[in-house]
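Report on the following structure.
A, B, C and D label the chains in the order they appear, each numbered from 1.
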Amino acid sequence: MTASQTDFSNLKAVFVNCTLKPSPELSHTQGLMDNSIAIMEAQGVSVDLIRAVDYQIAPGVYPDMTEDVPGGNRDRDDWPDLAKRILDADILVIGTPIWLGERSSVASRLIERLYGLSGEKNDRGQYLYYGRTAGVITTGNEDGAKHIAMNTLYSLQHLGYVVPPQADAAWLGEIGPGPSYLDEDSGGPESDFTRRNTTFMTWNLMHTAAWLKSAGGFPQGGNSGDEWADGKTFDHPNPEYR
Amino acid sequence: MTASQTDFSNLKAVFVNCTLKPSPELSHTQGLMDNSIAIMEAQGVSVDLIRAVDYQIAPGVYPDMTEDVPGGNRDRDDWPDLAKRILDADILVIGTPIWLGERSSVASRLIERLYGLSGEKNDRGQYLYYGRTAGVITTGNEDGAKHIAMNTLYSLQHLGYVVPPQADAAWLGEIGPGPSYLDEDSGGPESDFTRRNTTFMTWNLMHTAAWLKSAGGFPQGGNSGDEWADGKTFDHPNPEYR
Amino acid sequence: MTASQTDFSNLKAVFVNCTLKPSPELSHTQGLMDNSIAIMEAQGVSVDLIRAVDYQIAPGVYPDMTEDVPGGNRDRDDWPDLAKRILDADILVIGTPIWLGERSSVASRLIERLYGLSGEKNDRGQYLYYGRTAGVITTGNEDGAKHIAMNTLYSLQHLGYVVPPQADAAWLGEIGPGPSYLDEDSGGPESDFTRRNTTFMTWNLMHTAAWLKSAGGFPQGGNSGDEWADGKTFDHPNPEYR
Amino acid sequence: MTASQTDFSNLKAVFVNCTLKPSPELSHTQGLMDNSIAIMEAQGVSVDLIRAVDYQIAPGVYPDMTEDVPGGNRDRDDWPDLAKRILDADILVIGTPIWLGERSSVASRLIERLYGLSGEKNDRGQYLYYGRTAGVITTGNEDGAKHIAMNTLYSLQHLGYVVPPQADAAWLGEIGPGPSYLDEDSGGPESDFTRRNTTFMTWNLMHTAAWLKSAGGFPQGGNSGDEWADGKTFDHPNPEYR
């Protein structure tokens, strides 16, 4: 028996690793993500894994950069297939290394392309990402995990994801150059602090996704772009009457 | 009839205005917060309002800076009473002006003091703020609303608040010096974009709070600091077996 | 003989410690700042030290919150005297602890009040802070030094300070709770990385201040708000001719 | 006669446009950068222009991702040639659009690759970028210019660039969707605020570069990584004697 009676086995999660290193190179970020994946799989969640740098994700903010791009189509864009996999999941976990205190350029590309779909609506008239939940995993040598979580969780909630409590897990080494997470004697995999935060984040994502699943998505009412465009204002005061 | 069938009348919200101006001075941030408050009140939510700068919130990160402070107690600290009001609410909305692209020092003081209670646990062994939801309202002349929402929503989720979709609403004027939100001809109160985002944020906070209320708090399982301290690891892999 | 032939003895520096702890409590941030101060004093620089929390710096963005404040004067404001000391110095170093990944509320208050003078000009028509150089020192348990330096150095250059190379020095402990800089066995004072960065920052501030001193301030030409207001455009293209 | 007597004609500048749109598509960011370029060229500065997205800049943090990369070389990397052009210049200006409040992924890639050379030293034992100065130009619909300047100027000073006063220039439209800088009736090219900030940034970069040029680089003393590695401590106190 686990700590929760909730059945999470109808949930799907997608983990997007935004390392700069293509497969099959060792990714320290993947090492930390694997712990979150293991918890989800132990709870019956179906897990998909994308290493973004293995794909050609075109720069731009249109849904498919090979079609209908004002200014000219790109030759290739692997994004539309990746977008399907991301939208198929109830839970999104973005993993990223830290370079000069920032998330990777691959993570920034991912956010740009997620943003490129933000004009689309679900069948409740809500933005497309509503009904899902998201978290962030970060690994770095010394500094920057909170900064990256600030930036990335902001984007995710702005797009429509629910951010559960303690949705950021990270490992950082001591200040200055030093071993990375999976390096011998880094102390990373043994860090009680990182293990606890990874665990809490993972469970909180599952709890939130289970709620959203049982509710058939994020609740309706006061959040439909379509209804707003039709003139509904959901009790917002009228500025003319100030 | 409103867009939602949900009854929100058992919910409580607290709005903390972090303007630099004491009462009764005109606060533009309050002007925008009032729209969110009006929506909540129309839906039966009980609303408490705190203008933080009217109180003496001592610098420091202990629960009560007049008691048991290593290094010396302060003479006065209004925080413990404010903390009770904030913890009494299901919904927290922090409002802040922008100065040089950053949230106000009053907002930073608020976050520091909220953080000062983060060692405490609720009766589920979760951090104290679990079971609540939070959003951010920002007003400024020209730039910085997203930056402030990044910083502030990060802190709130890290403390245990759920961040619903689109939990940041803001108004900004054109680049450069110009009118503030409530100034004549600012265009602020008439901004369809700001009105829509304020509305969506407000409803999403109510929906999320209603879920948490009906669940008796954030779901248990995998997120108890007390249980973790007792050695439970909630399916996290054991590093020794790698 | 030191590494530099330059005589820095005509320079003045002000260090503003933005700890939350009033004197004479132990400030870990002061511990790190003291190393930078020692280097400057060894080179003959005159050093002034302000612990900001020891003063009542009123919230607001007017030069003196006890005079001519629209909406009402405050009873007390220690800022005008502090501003004189800060403007009297060629070098400004802001020191701050990290709380929840952010600079202290005391540091934010300082930036707000510095910003409150930004409408004023020097005798070259430049913003008041031109002709000075600035850096940032940060101490924390685990994470956030770069984030704080981003925020704070941005403000300083925007106000008119020159930011020299590697103007951020910091010490961070391992991820999770742990000892602070001056605690026994923190490893802080022994960190070669922190010692080197503190040294480079300090010397680069002195070099930059010496240049500005010898030039009588930041060079004139193309940066006078007064001249811009008089219609000079300093070779900026005219939009009408596009 | 211009405002300055200084001869800037021996200076070189490189502008890197980090738009997501390949040539010859219209880049609004380029539109704003062109004003800075025009000022520099009027003053005799030699200007090089790179549109980064036109090149294949490999992900990674090694100087040349086609050579000596642990884990495997990439097939193609245009970075080494770009790096030469950037290092050949006294002034670097990074231009970027804003997407979801952040700099573009192309700008992040650029910073990663600049960082990849940060282990190298100049003939003074200083980090490679010493002796240069840098600024940032940003264009966006509504919000985020200061945030991007914080992130990007931080990286640049950390790498060794001098950041002069007011080194960030930007144009932002009103809050919400709207016209971009070069769109008809955006008001962008006519913005007095943006024109002034672009002008001041440009001149301050030229003044700073002229100083560095006349000094033969950033002054020596207290900032040599090579000397530090050899045991010189430049008056930093010895922790053993505390």
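We take it that a contact is a pair of C-beta atoms (placed from the backbone, for glycine too) under 8 Å apart; a residue touches a chain by one contact, two chains touch by 3 or more.
These numbers were taken from a predicted model, which means no experiment stands behind them.
Visitor: Return the chain pair with more inter-chain C-beta contacts, choosing between B-C and C-D.
Guide: Greater number of contacting C-beta pairs: C-D.
Visitor: Quote the value, from 0 to 180 degrees and to the nearest 5, of the angle by which the CA atoms of subunit A must be rotated to coincide with those of subunit B.
Guide: 180
Visitor: So how far apart, in whole Å, are subunit C and subunit D when each is placed at the average of its C-alpha atoms?
Guide: Subunit C and subunit D have C-alpha centres separated by 22 Å.
Visitor: In angstrom, rounded to a whole number, how far apart do the mean CA points of subunit B and subunit D lie?
Guide: Chain centres of subunit B and subunit D, defined by C-alpha means, are spaced 36 Å apart.
Visitor: Quick check: how many Å separate the C-alpha centres of subunit B and subunit C?
Guide: Comparing mean C-alpha positions, subunit C is 30 Å from subunit B.
Visitor: Considering subunit D alone, which of its residues make contact with at least two other chains?
Guide: 100-101, 146, 150-151, 154, 158
Visitor: Show which residues of subunit A lie in contact with subunit B when the two form their complex.
Guide: These residues of subunit A touch subunit B: 2-6, 34-35, 38-39, 42-43, 126-127, 129-130, 146, 149-151, 153-154, 157-168, 189-190, 195-196, 198-200, 202-204, 206-208, 210-211, 215, 218-225, 227-228, 232-237, 239, 242.
Visitor: Subunit A touches which residues of subunit C in the complex?
Guide: Against subunit A, subunit C makes touches at 100-101, 142-147, 150, 170-177, 187, 191-194.
Visitor: For the complex, which residues does subunit D have touching subunit A?
Guide: Interface residues on subunit D, with respect to subunit A: 20-22, 25-26, 53, 59-61, 71-72, 99-106, 108-109, 111-112, 115, 151, 154-155, 158.
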